[in-house]
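Listed below are the structures to be examined.
Two complexes, one shared chain (subunit A), two partners (subunit B, subunit C).
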Partner chain A sequence: MSGMTPSNPFSLTKANDLSDDQIQELWVDIAPADSPDSLFSAGRFASPMPTFILGSKGSGKTHLMRYASFALQKKRFEKHRLGPLAGARADGYVGIYTLCSGLETGRFQGKGQSEEAWLEVFSYYLELSLGIAALAVIDDLLVEDIQNSIELRICTAVSRLFDFDPPSAKDIGSLIDELERRRRELDYQVNNAAFTGELAPNITASRGRLIFGIPQAFQNCSSDLGGFLFAYQLDELENLTEAQQKHVNTLVRDRRGPATLKIGARQFGIKTHATMSAGEENIRDSEFEELRLDLRFRRNEKTYRDLVALLVERRLQNFWPQSSTGLAGRSRRLSDWFEEPKRDPFDPFFVRLVKGVPSPQRPHMARLRDALADQLSRGGVRGVRNDQDIQAIMSAVAVPDAPLLEKLNTLLIFNAWAKGLDLAQTAASVRADCEAFVSTKGAGRYRQKLDHYKSDLIAQMFRDGTFRYNYGGLDEFTRMSEGQPRALITLLKQTFDWATFQGERPFEAGSISLDAESKGALAAADWFYNNMRKAGGEGQAILIAIDRLAELFRINRFADNPIECSLIGFSVSARVGSETSQRNLRLALDHSFLVEILGGQSERNSEQVTGKFQLNRMLVPKWGLATGRRGIKPLSEAEMNAIFDPRMGEAFEKVKADWASRMNAPFDRARRASKDMATRDVGESQDDLFGD
Partner chain B sequence: MTFSAIEPMAHDYGLYLRQEIFGARGWQATDTYDLFLSAFNLGERTGEVYGRIEATEKVWLIHGEYGLSGSELPDDKKFEFASTDEAIYCKALIDGLLANGNLDVSRTRLCIDITGILRPHLMFITLYLKRLGIRVVDMLYAEPKHYALKEKTPFSTGSILEVRPVRGFEGASSMRGGKDFLAIGMGYDDRLLAAVAESKDKAEKHQVFGLPSLRADMYQESVLRSRRAADELGDPNFAETHRSFAPANDPFGTASVLSEVIQQRLTRGCDTSLMLCPLGTKAQALGFALYHIFEGDPLGARIVFPFSEGYSPKTGTGLARAWLYRVEL
Partner chain C sequence: MRNGPHHDPITDELQSKIKTLHSSIWERRADWPDVLDWLSQFEEHDDPSADEQLQALRLLSSFMYFGVNEIRALLRSLYRDTFRPQVAKEVRTGLLPSTALDLVGPLVEAELRRTRFVSLGNPSESSALLLYYFRQENALPKNLFLHGSDIFDLSAVGSHGGLKVQNPDITRYVFIDDLCGSGHQAREYSERVVKPLKSISSDVKTYYYPLFGLSDGIEHLRTHSAFDEVYPVVELDPTFRAFAADSRLYVEPKIATLRLPTEATCRRYGSELVPAHPLGWEDGQLYIGFAHNTPDNSLPIFWCDHTGSRPWRPIFRRYPKVSW
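The block that comes next holds the complex of A and B.
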């Protein structure tokens, strides 16, 4: 492997930090390249239909596009002993990779010139730049014997593409030199405009003439040169202004001949689909196709899991040869290197979590007892009239050997209390259910409740014991990465750092401790969160909204009676909320702080378009929230505005107080709330798990 | 006899005059000038220098980006202009001075205190003066005793509007190679740093730290700040090979270090597109501009900058030292 040997196999998180060789060697796909299911096929590089390759930061756009570019194609041709022309025909295309950021589009503005004037200049600049790139590829494609015979013909054909002042070059090298000279002249004019206030470029080729004309001219020269496309791969389109994107959209619309465009951009980087052809918009699947990388991964969890496992294995093979994991005949599965959080209620870990004290002294038992005693002084609650009743309930719920079940039992009592049920009767039935479960470990009502609430219950026990909640296991990390391979690599990078810092030997001996994994997850969450700080005002608004949302989810997670389990999701009608809050919700989605929930519960109220969203799971360790989403909380208009409008601080405090009061003993507002719920559109509310 | 290709000689920045005009020994006598320019902000440094320098005409530059209210502005002669574009702003300033006779390219003894001038403006002015044919300009830089909130001092405020080349320093893409290389003058503002590093995330980054720093603790503070942007910098191990050091108060030393860094990079691979981004002290920003004027421009290098909505009008407290740099263009 070329390049350096890092001290952490995951330290290179971005495709652009990788060399061409590394891109080639670290590339993994979910299916063979010629299979329609493969990522590579999904890029549709050999299809004339232009494609937008979209995805959030770190979803793998650049890796895919660079892998498909001519520089890497050539390496593969060599490997398969194919000449460049034969290789191009076999692939069906040549990829001409260009970074939009390299154009420095910020130069094409201001300086006392009109926007139209700058657009003309930008258009010509792009024409020259892509023309040069296409000619460079042609130069590489032509092996010597063909080159000599047709070079002049190509140059003549290309010179006819110019509106005036055609270049008189006799070979491709000189033609490239001439185009570069024109671009240099344009550079000078663009720069000089800042001093002179004047801009009078000599535009010798109009829009599309070179970009589409050069490939056509090339293939017209000989029948031997056909059979493949020139795919202009423009990466980082988000760096272009709206007007400049309009220009690119016009190229997409006017595409012709053996050339096409494959455009990479952040999801929110597409500012417009409008064109300059009488303002018409390009329509998806008519003028272009769209590949949304992270969506594709999130839609197909199994595929994504397989992909990231491969990706991690490949990293270890290349950067961590001392690793004793791997595909090549080594026995240990990748996931075995990661210590998993404890979830079995009979695991002695939970006795340690409550520090081994007897039932009555455990924090959750004290909390229930104190809450009931408090209520006694205020007139009691159904089934609880005196201290003996309290004592009877406490004995019924106690499970000395399995504190997690005991914790669940207290939650069931709180739940019955919130509903106004008789607590003595509830305690008896909880006891019976619990005993049946302990003896049979079988499925049933009790088991279902345990599974639903386990994450929240364990989180509460960690908090009671003043321990940091654990995140860990390859499955959990994969889930947290939300279809963004870079997010997973970042999680692993941070975890690896912590593990080695703590003296562990990750991927060599033992397992990576839960402690290192949890610290890694928290560091990765901080990284993700802090990325937003620099975005200024907009970023602030997103952070405020996300903090507020997380605060509410925390109230739910640590409540006596959470209204939803493992809550990190919400739903909201498209018509609900002020302009500001809707805008901030969109921004949070654009920046992947929130992600849209796919294939959630079906929409029962068909008259309203309701969006379902959740916190990006990369962030949840910041607040100790769950990584497995179960419940979705429908938000009212007031809640939506209080969360997503930064100016609504006071309103948010009220919402918080309202949530806390509904979910915690003595549940003063819970019954009123349940009446409210009855009159509300509850379509997407999670089924009440305790409504037997 | 054969001739081999001769390497272009690096510019010798050691010949320029750099003189301490305020320090442990108090204020030293300076020349008197025909015209003195300085940008107004709420730091003590700029006010003290403004009061100390003798000039026939003194003009305060008012930068809207500092967000100062009318009552905070000085009563002295000032230049205000409603454009944040450095080229438009500075051209209006200099062209105005030329038109009203305050500036005569061949005669005026000009002095500029760069302490408060925004970096893109400071660089553009320097280049514009050179293009006008001005031969010598004295530039002053006043060091703070310390930054107001140590390594937590906020410098830029509001949104970062864009990362783009500074007008006039836009380079030539025709000379660009396939690999991007970005030399960053490291400062305290990790927000700006993260913005530029992320915007140029495909580039190999080289960090030029201010060392010796203005004060002993400032280097550590700047390292602390830059660590926050480690991910965007793509340098998780904080590798030695990606770092250089240039004196924080020496533009000529900075230009000289940049020259070496770029030379070394081009020796490794000439197929390189060069970018510079000065986020350190104003003295270092001047050094970046000088390097570009004398050596970077012919290489097609460009100076990029993350433009922020606003800047904090007071970042440093007190005046520790002041320097005079005689810039010969």
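The block that comes next holds the complex of A and C.
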């Protein structure tokens, strides 16, 4: 494809960097293009209703819009032996793709000119730019036999759209030349305004006259030319100022004739829905529709999984022909190329993880024994009065052949200790439950606890053994990418690099090792995290907040008695927190460091609506956290401020100490803390491990 | 071995650095299996400060490799920033201060046409390859290049006359080399070629321009050779010696204590590989390599390819000068 032989099939991650051919070749959809379920249909390019295509960075907006553009449509028409007009009629539209960043909109401000003047100039500039783009498409649509008969008519009709100095061109090429000349003249004035102190443009057409008038003029020329829309596709709208967006909103509101707008933007890049039409705001589903790409993927995990599998296959077909994978003639499932982390408690891997030593010498057993012995010298704990009691507990929880179960047993003892229960009785009950599970492997409360806490327990065992925690498997990577295809491509890019560096042959032979996958995941997390450093002061505030949040989640993950399992999420009331902390929470969401958990919940004991958020799972390898979210920790106002306000370093240290004390033996502050600062939190968070 | 799931933050960091180097400036010359194979020749130890493999890995992560692109860029710099300005300076010194700039240009061009660039040593050696790149990068005509033996006209030697220069119109000879270590080899060359040249043609100017030069070696040549000008494109001061007291590899207090144990390790293996020069030719202690070869001034643990009593697999192989 395009004569390229990259050393990594995932090296190209941005749609902007792809050629038209690559956009076409790499496009994948979840359903046929004419099916209402397809991504392509969701863009509603042939619908007159304007559409905002929203999504976070890397969610696939640009790829979708470029795929729908006329440059790519033409390629498909050729493939299907359709003439351009017949093709346009079949598709129902022609896509006129424009990148807002290409307009260099930053030029249209300051330089001693009023905001109103700049807005008029920008409006005219956009008019000329989109007019030129529409005429270029018309030029392509008109095949020779009809071109001669109607070209002059189109030019005459277009010249009537001008308020002043109508172009006298006789053919479309000359008309485009004339409009480009006017745009260059405007460029010259705009670029030199800072030096000349003057801005005296010759605005020859009113707002919307060319954008909506040219398609109408074209279709009025002959009945053969109708039957489809001109869809202006404005990508990266976030690059426009609020005033400029207001102008675009006005075009959305005033849309007329056979033309519409399809607007791509970052989810939080829409600064306003206001228009210049008497201050009216555009209303969703009234003036425009909205497609939220990553939300669509996150709502439907199965769809997203299918999509990314197709996407990876397509990459391999195009960029890695040496791969024996590929939809046809492949004997392996895509996911089989990825080594999966071990999760079965009876896997001998866990005996190796504790270096094969007998139960009493294992770190988790030593930790429980030492904690109990320590407490004995300070008066003991319920059910533990002497060394024999400790020894009895240690014998009860030991599982020599299944260290992961043994580890769970120690956690259950710590949990009972935190709740003030009798540990001797708990140990007997744990032993009975464990034995029943070992013999039947059946479902039940023990199995449930294992499933809930497995990720945290394994993470603790890895840390005890000074092993690197593993991330891997296509499913886990898909989950980590949070509905952003580019995030998945980045994970695979880094993993592929690591695998080849370590002498593996990804997608050719063997499987990609967990080691390479884990290093790839960490490199992708670092890349994601370090990108934020470039975002200046705002970026710094986000990083501080995210570091703090992750630090707390780590305390929980590696605690004797984690208050929540696989904790990477939190909930907080919309009314809680200082202005600064609320602002930083929003910023972290804007930049996708935090992801909103779908379906905001009511607090368990109140009617108050709260927001639920989680760390973007792309980031979690940085701190060895879980990718499968289970628990959600409600944050108190004090915790919210300590995390999200960078100036609250001291308060944050207190929160940390509080979390550590509540979750680790001897659990001294567990009850006191509940009175001090998050009364409701502690009571709810101390899961009753056996309270089904 | 360092290839398990064992999590050692230092090894991870070094491995990550080597991966970046491997896929960028090392031109994919040392992937991880190669590195592991090389490391396996050192002893592993639980105590990080005594772990030879960790010492070697750390040294390797500092290895300075100059690929073809970098060498070509240095050769452009040699001509553009070193030699040409030197000629211009000399031309201007011979003119009145009031001479207009537009007169200087043509004079410099005329002088350049009377210059010859000369490779050191045998035509099959690296210096000849450097001259090939040098000519391409600076768009110079072929006739400006010579081999050392072509400087002289030997036709009359032994009959009625003595040694003569081949082309008496030549005013400048430029000798180009990749690395000047101790300076002893260049000095030897100066005795063999430059001194006789100056004795029969005292007005010609001679220049020795290595791409890299250790400060001591450069100073040695300036004081003990017949070259008029000695100037490296990149001068390596003594801190570039791996185990110098002020070595730039061990500046961080956390790793400063590793300098002496690492030196002892390199010396121990080096003594078996190159007994006369365990830390590189004339105690070079360098960690530098080029796309075309690794100089013997670098530590032998990097380049030595031994099949004898002490087999050794190098990580940046040196292609030795074979004697028949």
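Everything below uses one rule, namely that the second predicted complex is superposed on the first by the 661 of 692 C-alpha atoms of A that agree within 3 Å, B and C clash if a C-alpha of one lies under 4 Å from a C-alpha of the other, contacts with A are read in each partner's own complex, and residues count from 1 in each chain.
Note that in this section a residue touches a chain if its C-beta (ideal position, glycine included) is under 8 Å from a C-beta of that chain, and two chains touch if they have at least 3 such contacts.
No experiment lies behind these values; they were computed from the predicted model shown.
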For this session: Identify whether subunit B and subunit C fit side by side or clash on subunit A in the overlaid structures.
Result: fit
For this session: Considering only touches as defined above, state whether A:Glu637 meets subunit B (first), subunit C (second), both or neither.
Result: neither
Problem set entry | Winner by number of subunit A residues touched, once subunit B and subunit C are compared | B
Problem set entry | Where the C-alpha centre of subunit A sits as vertex, the angle toward subunit B and subunit C in the overlay (nearest 10 degrees) | 40
Exercise. Given the touch rule stated above, what does A:Val190 touch, subunit B (first), subunit C (second), both, or neither?
Worked result: first
Exercise. Of the two partner chains, subunit B (first) and subunit C (second), which one does A:Arg181 touch, if any: first, second, both, or neither?
Worked result: first
For this session: Could you tell me how near the closest CA atoms of subunit B and subunit C get once both structures are overlaid on the shared chain, in Å?
Result: 6
Exercise. Once bound in the complex, which stretches of subunit B touch subunit A?
Worked result: 85, 87-88, 91, 124, 128, 131, 158-160, 162-165, 167-168, 170-176, 180, 190-192, 194-195, 198-202, 228, 231, 234, 236-237, 273, 302, 304, 308-309
Seminar exercise, completed: Within their complex, subunit C touches subunit A through residues 3-8, 12, 16, 19, 22-23, 31-33
Exercise. Okay, in this complex, where on subunit A does subunit C touch?
Worked result: 462, 466-468, 470, 497-498, 500-503, 514-515, 519, 523
Exercise. For subunit A, which residues are in contact with subunit B within the complex?
Worked result: 6-8, 11-14, 16-17, 62, 99, 101-107, 110-112, 129, 180-181, 183-184, 187-188, 190-191, 194-195, 197, 239, 490, 493, 527, 530-531, 533-539
